[in-house]
Structures are given as structure tokens and as C-alpha cells.
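First chain A sits with chain B, and in the next complex the same chain sits with chain C.
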Partner chain A sequence: MSVAQPAKRPLGERLQSLPKFWIYSILLVLTTIPLFVTVSVPNEPQEPAIDLYASLMQLPEGGRVLIASDWTGSTRGESGGEFDAIIRILMRKKIKFAIYSTADPQAPLVARDSIARLNDERRKAGLAPYERFTDWVSVGYFPNSEGATNGIANDIRSVFGGRKDFPPGRPPTDIFQSPVLQGVRSVSDFPMLIVITASKTSNFTVERVYGKTPLAFAVTGVMGPETQVFYQSKQIVGFAGGLKGVYDLETMMEHGINNPGPDGKIVVPSSKYGQIPGFPGMPNKGKGTLYYPTLHVALALLILTVIIGNVGMFLSKRANQR
Partner chain B sequence: MNPLHLLAQAPATNFWAEPNGSTSLWVKIVVGLIFGIGLIFALMAAPPQVRRPIVAGVTFLAGLFYVLFYLWPVPIDQKDGELPRNAVEGVGFWLKDALGVVVNFTNILTGFMIGLGIYSLLRIHLRRFFKFQKDWGFSLTLLLSMLAMIFFGYADWLSRLGERGALLDERSNWTLVNYGRDFLFEGLLQQMDAAMFSIIAFFILSAAYRAFRIRSVEATILLATALIVMLSLMGAVQYAIDTPIKQAAGPNGFLLNFQLSEISQWIRNTFQTSSLRGIAFGVGIGALAMGLRLWLSLERTGGNG
Partner chain C sequence: MNYDFLRLTVGVLATVGLYSVLYRENKFYRFFEHIFLGLASGWTLVALWTESLKSNWWDKMVGTAAEGTNAAANGNWAYILLLPIGLMGYFVFSKKHNWMSRIPIGIILGLWSGQQIQVWWNTYGPQINASMKPIFPTTFSSFTVPATPEAGAVYPSQAITNFLFVLTVLSVLSYFLFSFDVKNRAIRNTSILGRYLLMIGFGAIFGSTVMMRFTLLIDRMYFIWIEWFQTWILRR
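Presenting the complex of A and B:
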């Protein structure tokens, strides 16, 4: 007695129903491999990132900026890379900074730990670490993001008033006694407010602070499109969006803008700016360089699976029409 | 004496400016906390006909402050000790002076919401654990995790208060509590946070594969646009496409418009931003309407009575 063989499914149908297990396994394997190999991928930084880098580099050396650090471990691949790159630039230009958070109670601690890591990096490179309270100050967390941002825009002294930070060897001290905030009367006393965020705090900042001091953003990839709106309307001076933004910053930190390398070649040309140097020879490669090849693989796989699904659909349609 | 001077800012006094860690500060914090919690519970226990006008009144006053703050002229560069010259300036000065207090008040209220969340978590999981309900083991894990994080978090914070605090920025000076805090916060919480978020990649890939089909002209346009934008995010692909175009076109050539970077930028600047701006306008008008309804307590849904 012959056993009935199950009918073999047509190719089109099979292409449309690849098992999830295999899709997930391929993604896992393909995105993991590049993490073990440091590859320098060719890159042409996007205009908003060029503007962000140029704005940071044009800040007066030894000045100060205000930073809203509203990210945690969930977006560290993007926000963490942006934070590292921006803080490295500020430290190298000896710019003091005050950090506050309005999005997540974890954010100030995440920022503090990241700065400690960057200080370790400086020590290893033989550079003086950035000293808390003297070179940077942690203002802490404000639970009501919109209200706090509104207060910072209109009366920063009363909103930051009463907050204390840890000067070396001294008990917690009023942050306005810190050299970072001395003489600050309003948010306009900061030449720039940098928002590193993975949430809506960027919107609040544009709504409340725009016009009082130049704004620069570092956002996640999914926030890129909405941030582009603020950039196009010139409400922000520039922004880094997602992993590509991190890699753009790291590329410019290595090569500068309109800055000829040893071979005379300009890696990042721009018609908007003159020659802006980078920091060659310093540890510029961070999460952007490390994760960018992984982004390539993930996007390539996404495109490939969409193509496979559509090819399957067309094959099925053609088979049905016969 | 000009009666309008009464509206000027009083000498700056901060009720909470007690020495750090002093008994008087702790007493004020505890009294404030008990008063706040008592107020919340009293409101929850009050009958709707009592609660409703209180909530509506406070909502209206809170909204009125911000409406006045935006519509009333407030001083841009107020000097220390400067007095208002007339009633209009007096109100402006008062609004500006009150802003910090209002912001602090809203921060404290939001802090209470975090406290309510913790209370709710504790109530659910303590009950489940003590009654040995289904999955009580997970509740125990959550409670122990909370306790451990609170213990090591506070111990780490206290260790940084002393004169040795600054030394703890260097890992070599750490003690057990600092390592404990680092292990729980950086080693576990942040890593799990990142792991949870990275799972999205699997869902996106699976969803795109199953749902992204060219079934209509609109879907084809969407897919083509998405493809261009995705390819433009891949530096190696962009380099491979743009370099031959640049070489073929030369400087200022017409062909340069067909670089991947140019096309993707055109899509972003022309279609993407204008669409998002349109959506933002719509959302803004909706938020204004909803804001008015909430301010005037016309919105009856969401537990407002």
C-alpha cells in the first residue's frame, strides 16, 4: 500500500513563509559577527551631523555648555555613542558642562558612569581627568520634563536652586558655587544647550527654550525624521541621528571638516565651513565604529527578506494565473 | 510706601535650605511626605461631589498660571531687588518669581506619582507572595531585586557623601557597596534594558518580511522610498553608488543630483519634513482642544468623575 506523500508547496508560497526560527537565527548570527571585527566603513557624514560637529568645534575653548542627558541603557548603542563623542569633544576643548535629566531617573547615574569611563580613558592617555564640580557638574533629575524645561528656559536659577553636587574632598555643595555655573543668571548664559535624548524631551526643549540659546540635538534613529523638521526650520543648529550620526561624529573627530589628511585628501568636504580640524591620533573610535558594520548587515538582511517575500508573492500570483 | 512694592519679590528664603543630612531637614521631609500622602488618600476617600470641585479648582488655577505666564508680559532681564513700576509689571514680576515654585511643585507631584507606582507594585507583589498565588516566585524575585537595588544604591550614595566621595570616581578606591551598586545597576539593569530593546530588531525584521508587499502603487512608492533611505544609511553602499557618479559628473555636474545621498536628502527635506509638519499641526490643534477641555474640567473621562 502506498503512503500518500504530502504535496510539495510551490516555491512562491515557501518564499513567503520562511520559518521565524531561521530568520531570527540568521539575524542573530549575522549581526553578531561584525561586533568581533573592527572594520572602517567608508562614510560621508550627513549635513545635520556636520553642522553639529562644526557648532561644537566653534564653541570657545574653556567655555561652558548645558547638557540634557535623557537616555539610559536601552538606547546606549545610539545615545551612549553620541554622549561619548560629544563629551570627548567638550573635554578636548576644555569646555565645562552641567548635566541635567528630565526623562528618566536612571539617566543622571548613567551619565555619571559614562563620564567616569571617559575619565579612565583620559588617564590611560596621560591626560588629566575631568574633575567633578570643577569641570562638570551633575544637576540631577527633574521628574516633570515639560515643567522643568519651561522653568529652565525662564528662570534657571530658581529651578536649579538648592541642588547640590560632590566637590572633591568636600561635603555636597550648592551647584551654583561650582565654576561651571558661576555667574549663570539665565539659560542664555550658556552658548549652547545640547540635548542627548531617546524621548520627547527634544520636543519640549524646542517648544520652551528655542530662541534663548542655540540648541543641538543627539537623538535615536527613529527620532531622526521628527528632528529633521526642527533642523530644516533652523530651530536647532545641528543633530546626530542614530548610529549613522554617531559614526558621522567619530569620522569627523578623526578627519575634521575640509581638513586635508597626511595624503592631502579631504575625507569630509563641506561647502558651508572652512577648515575645521579633528583630533587625529586620539581615541575617536567608539560605539559608532564598532556597531556601524552591524547596522549594514541588519539593513541588508531587512532589504533581502523584503525582496524574498515580494518575489514569493509574484511567483504565487503567476502560478495562480496559469 | 508704594503698595505695588508688596508684589515685589520677598527676600529669598528657601524652606528646604537646611544643612544637608541635618535632623531638621529630615523632619521637614518626613512631615511633608506624610502630609502629601495623607492629602492623596483623603482625596481618594472623599465622595465625588467633594473631590470634583477641588480637583477642578486646582486644575483651573494651575492652568491659569501658565496661561497668564505666556500672555502676560514678564520681565526678560530682572535685576536683583528691582521693583515693579506699575500693576502690570507687578503681576509680571510675581509670575516670574512664582515660576520656580510652581516648577518645584510639579516636580514633587510627579515624584509622588513615582511613589504611587512603587506602592502599587509592592501591594500587588507582597499579596501574591504571602498568599502563594500563581507565579509567586517572580514576585519574590522582584521584591528582592528592589530591596537589593535600594540597599546598594543608598549605601553607594552615602559612601560618596563623605570627604572620600570624590576618590570613588576611580574604581581602585571602591568598596563592596560600590561594586554591588555597579554590578546591579550597570552589570544587570542597564544590560537587561539594552537586551529588551534589542529584541525589537527581531520583530521589525519579521514584520517587514511578512507585511511589506508591493500590492499597490502606493505600497510600491513606499517601498522604493524606504529602500533609498535605508541604503543611504549604509555608508559602504552610498560610497559604492556615489563615487562613480561623482567621477562621471565632475564638479557641479547635473549627474551629481542622482547621487544616493542627494536623493535621500531630497526625500527627507521635501516629503518627510512636510508630512511630519502637517501631522504636528494636526496633533497641536488636537492637544490645544484637549488642553482646554482638561483645564476647564469639561473632560469627564479618565476617572475625573
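Presenting the complex of A and C:
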């Protein structure tokens, strides 16, 4: 007795229901292979990132900045790259920094671990490490981001008062004894507040601190469009958005702005600024340079699957019309 | 066993466990999800005390002894008054006394509301100001902005960009202002244009979101294949 074969589904229907397991498997393979090969993707840094880099480079050498580090392991791919790039620039310009967090209790630890890793990198390059308490200070975590940011904007000494950090070989010491915070009376005593965030803390910072000191942001890709509004209205001096922002910063760290290379070619031109140097020969390549080619491969797969799905839908519609 | 290797291996297992939900719901995923939630809650509880309550409240209330270069600080017992106000918040769970929870909530709401005028102006004032852009060019010496532009001049390319910006602002505003049935054809068409421009905006946001999610996946792959596999397994 013959068994009836199940009717084969039409092509259009099959194209619209590709097996999820295989799509994810292909995605995992495609996002893995490019990590093992070095591919250089051409880059033209965007204006907000150029402004961010220029603002950082125009800070007086040996000065100080305040940093809000509001990211954790969950956005390491983007925020981690931004944090590394910004801290590398500050360290190379010998700018002291105080770091606080208001978004997540884990954020201070993540920031401290990243600084320890960057210090290892400096040691390997034969440079003096950035010493905790002397060159940078960890202020810690503050719950209630909106309230804490308001306090920092209006009375930073009161909000930071009583906080202690760990100088090497000494007991926990009041952070206001640190050279980083010497003479700080208000948030305006910092020539810049840099917010590296994966959450709404950037909005709170604009709401509460705008007008008191220049603001610069490093945000995740999903926050890019809303941050563009703050940039457009000059509420922030510049920003790096997502992986593209990281790659932009790394490109400028390597080539500078309006800075001719050995072949006389300017890689990052800008009509807004004069010549701003980069840091050629130093470890500038981070997550941006590493991940950007891989992102292109992943996006190509996404576009391909969107096209396949649409072709499937078109074929199904045409079949139904017959 | 090397501690770093152990730490990274647990991280790899957790990453694989959490991503396994993409295939289907399973116990391996549930296990790591609960570990993650437990760790986050425990961490937050400890951090609330060590990073916030101790320095901002307890030390200020009881004072601190001199240590190293830190001078002794006198305590201020007035800080004890914050405790009952804070505890009142927990009466929200009591049917009989939940009115007490409204006192701290009222204080917080009052403080918050009082600040909103300044907050609103800080957020939107500069944005409204920046929306007033010149849409007519003042010079035709160059179509695009030259390397050394004339001070205060509006070049044709800038005027076009500004016009598109102003058009977008007005049409999107008209979409929200005239969401009811409008008879006037010009306003209706402007609202429709606003809707399409909003769609373009949402598309851009969606694109950024997709790129972000991919970046997070790429970082996890880097963690597994480079930081763990290449560094610890291949070199062993």
C-alpha cells in the first residue's frame, strides 16, 4: 500500500519560514570568523565624534575631568570600547579624572577593572601606570540617578562628601584629599563632564547639569538618534555613538584631525578645526577596529535574510492572486 | 587551577546558557538566568549599604574616628530623623496604615515637581532655540561650505539642510497637534508628511538598535573565542 507523501510547501512559503536554528548558527559562525582575521574597513568619522575628540584634545594637559561611568558588562561591546578610547586619551594627555556611577551598582567595579587593564597596557609600553587616588579617583555608586545628578550639579562637595577611595598602601582616604579633587567647590571646577552610558543617565545629566560645565557623551548605538538632538542644539560638545563612534575615536587617535600622514594624505579632514595630532605608534586599536568588520558581515546576513523574506512574501502573494 | 581560567570558563558557560534560549526555552538557560538575577540582587543590596547608606547616612549620623590622614568627624544625630520617614514607605504593604507611605512619596513628589520647570527649560529651551534656523541663503559664492567660510554667512547647501530640518519639525508637530479629523487640505497633507518623516526616524532608531544588538553578540563571541578559547585553551 502506498503512503501519501505530504504536499511540498510552495517556495514562497518556505522562504518566509527559514529554520531559526540555521539562521542563528550561520550568524554565530559569521560573527566568529572575522574576529580571527585582521581586516581594515575605510572610515570617515562623523561630526559629533570629531567634536568629541577635538574637545578632549583641547583640554589643558595636566587638568582634570569628571566622568560618569554608567555601563556594565551587558554593553561591553560598545560602552567598553568608548571607555577605553576616552581613558587612553586622558591618560596620554596626563589629565586626572574622578569617576562616579549612578546607573548600576556594578558600574564602578567594571570601570576599575578596565582602568587596571589599561594600566597593564601602559606598563607593557614602558609608560608609568596611572596611579589610583593620585591620578584618578573612584567616587563610587550613587543610587537614584536623577537625585544624585541633581546633587552633583548643585552641591558636589555635599554629595561626594564622606566618600573614601583606596590609595595604594594606605587606608581608605577621603576623596577630597586626592590631588584630583583639590580645590573643587562645584561641578563647574571641572572643565568637562564626560558621560559614558548605556542608560537614561545622559538625559538626567542634560536636565540637571547643562549650562554648568561642558558635557560630552559616549552612548550606545540605540541611544544615538536621541543624543543627536542634544548635539544639534549644542547642549553637548560632541558624542560617540555605538561601535561606529568607537571606530571613529580610534581612527582619530591613530591619524588625528587635519593631520597629514607620512604620505602627506589627511585621513580625517575637518573645516572646523586646525591641525589636531593623534597618537601614532601607540596602542590605539580597540574594540572599534576589531568589531567593525564583523558588524558588516552580520549586517550583510541581516539584509540577505530580509531580502529572502520579502522575495518569499512576493512569491506567495503572486501565487495567491492566480 | 588558575583562578582567571576558572572565572572565564564560568563566564563562557553562562554566555552559552543564556544564548541557548534562542533555540528554545530550557533548564540550562533557566539555571543561569536565576544565578544572574540572584547575583544582581545580592550585589545591589550590598552596594546600597557600602556605596550609599554608609557614607551618606550612617557615617554622618554616628561620626567617624581619625584614621590615617582622615580627620575625625562628629556625628549629627538629626540624620536619625530620616529613618522613620524612609520606613514609612514600607507601610504601603499594610491595608490599615498604608496612608503613612504617602508621606515620603509626597515629599519626593513635591521635591521632584518643584524642579521640573528648570528641568524642562534645560532640556527643551536650547532645542527650541536651535530649531530657529535660516532657510534662505545669504551668499552664493560657493554652493557648499568652504574650508574658510564667511562669518555669519548661510551657504545654499546649509539653507537646504535647514529647510529640511524646519519642514520636518513643523510637519511632525502638525501630526501631533492635528491628530483629529482636519478638513483643511494643507494641514492634512502636512500631517501625513509628518507621519512619513516620523516613520523614517523610527527606521533610523530601529537600524541603530539592530547594530547595537549585533555588537553585543560580537563582543560575546570575542569573549568566548579570543579571550577564553584562544588565550586559555589553545595556549595550554
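List of remarks:
The criterion applied here is as follows: the second predicted complex is superposed on the first by the 319 of 322 C-alpha atoms of A that agree within 3 Å, B and C clash if a C-alpha of one lies under 4 Å from a C-alpha of the other, contacts with A are read in each partner's own complex, and residues count from 1 in each chain.
Throughout what follows, a contact is a pair of C-beta atoms (placed from the backbone, for glycine too) under 8 Å apart; a residue touches a chain by one contact, two chains touch by 3 or more.
Note that the structure is a prediction, hence the values are computed from the model and not measured.
Aligning the shared chain A places chain B and chain C in steric conflict. Looking at the shared chain after the overlay, A:D155 reaches chain B, while chain C stays out of its contact range.
Of the two partner chains placed by superposition, A:A128 touches none, neither chain B nor chain C. Within the superposed three-chain model, A:P143 lies in touch with chain B and with chain C [touch as defined at top]. Of the two partner chains placed around the shared chain by superposition, chain B is the only one that A:Y247 touches, whereas chain C remains out of contact.
In the superposition on chain A, A:Y291 makes contact with chain C only, not with chain B.
In the superposed model, A:R208 lies in contact with chain C only, and not with chain B.
When the two complexes are overlaid on their common chain A, residue A:V110 makes contact with chain B while staying clear of chain C. Once chain A of one complex is fitted onto chain A of the other, the partner contacts of A:G169 are limited to chain B, with no touch recorded for chain C. Judged by the touch definition given at the top, the superposed model places A:E44 against chain B, while chain C stays out of reach.
Common to the chain B and chain C contact sets on chain A are residues 20, 24, 27, 31, 74-77, 105-106, 142-143, 150, 162, 164, 170-172, 225, 229, 232, 242, 244, 295, 298-299, 302. In the complex of the two chains, the chain B residues touching chain A come out as 14, 16-17, 20, 66, 69, 74, 77, 96-97, 99-104, 106-107, 109-111, 113-114, 160-163, 165-167, 169, 171, 182, 185-186, 189-194, 196-198, 201-202, 204-206, 208-210, 212-215, 223, 227, 230-231, 233-239, 242, 261, 265, 268-269, 272-273, 276-277, 280.
Chain A makes touch with chain C in their complex at residues 20-21, 24, 27-28, 31-32, 35-36, 74-78, 80, 105-106, 108, 140-143, 146, 150, 162-164, 170-174, 177, 203, 206-208, 210-211, 220-225, 229, 232-235, 241-244, 271, 287, 290-291, 294-295, 298-299, 302.
Considering their complex, residues 18, 20, 23-24, 27, 31, 41-44, 46-47, 72-77, 105-106, 109-110, 113, 116, 119-120, 129, 132, 142-144, 147-148, 150-151, 154-155, 157-159, 161-162, 164, 166-172, 186, 225-226, 228-229, 232, 242, 244, 247, 292, 295-296, 298-303, 305-306, 308-310, 313 of chain A touch chain B. Of all the residues in chain C, the ones that touch chain A in their complex are 22-23, 40, 43-44, 47-48, 51-52, 55-56, 59-60, 67-70, 73, 112, 115, 119, 122-123, 126-127, 129-131, 145-149, 201, 204-205, 208-212, 214-222, 225-226.
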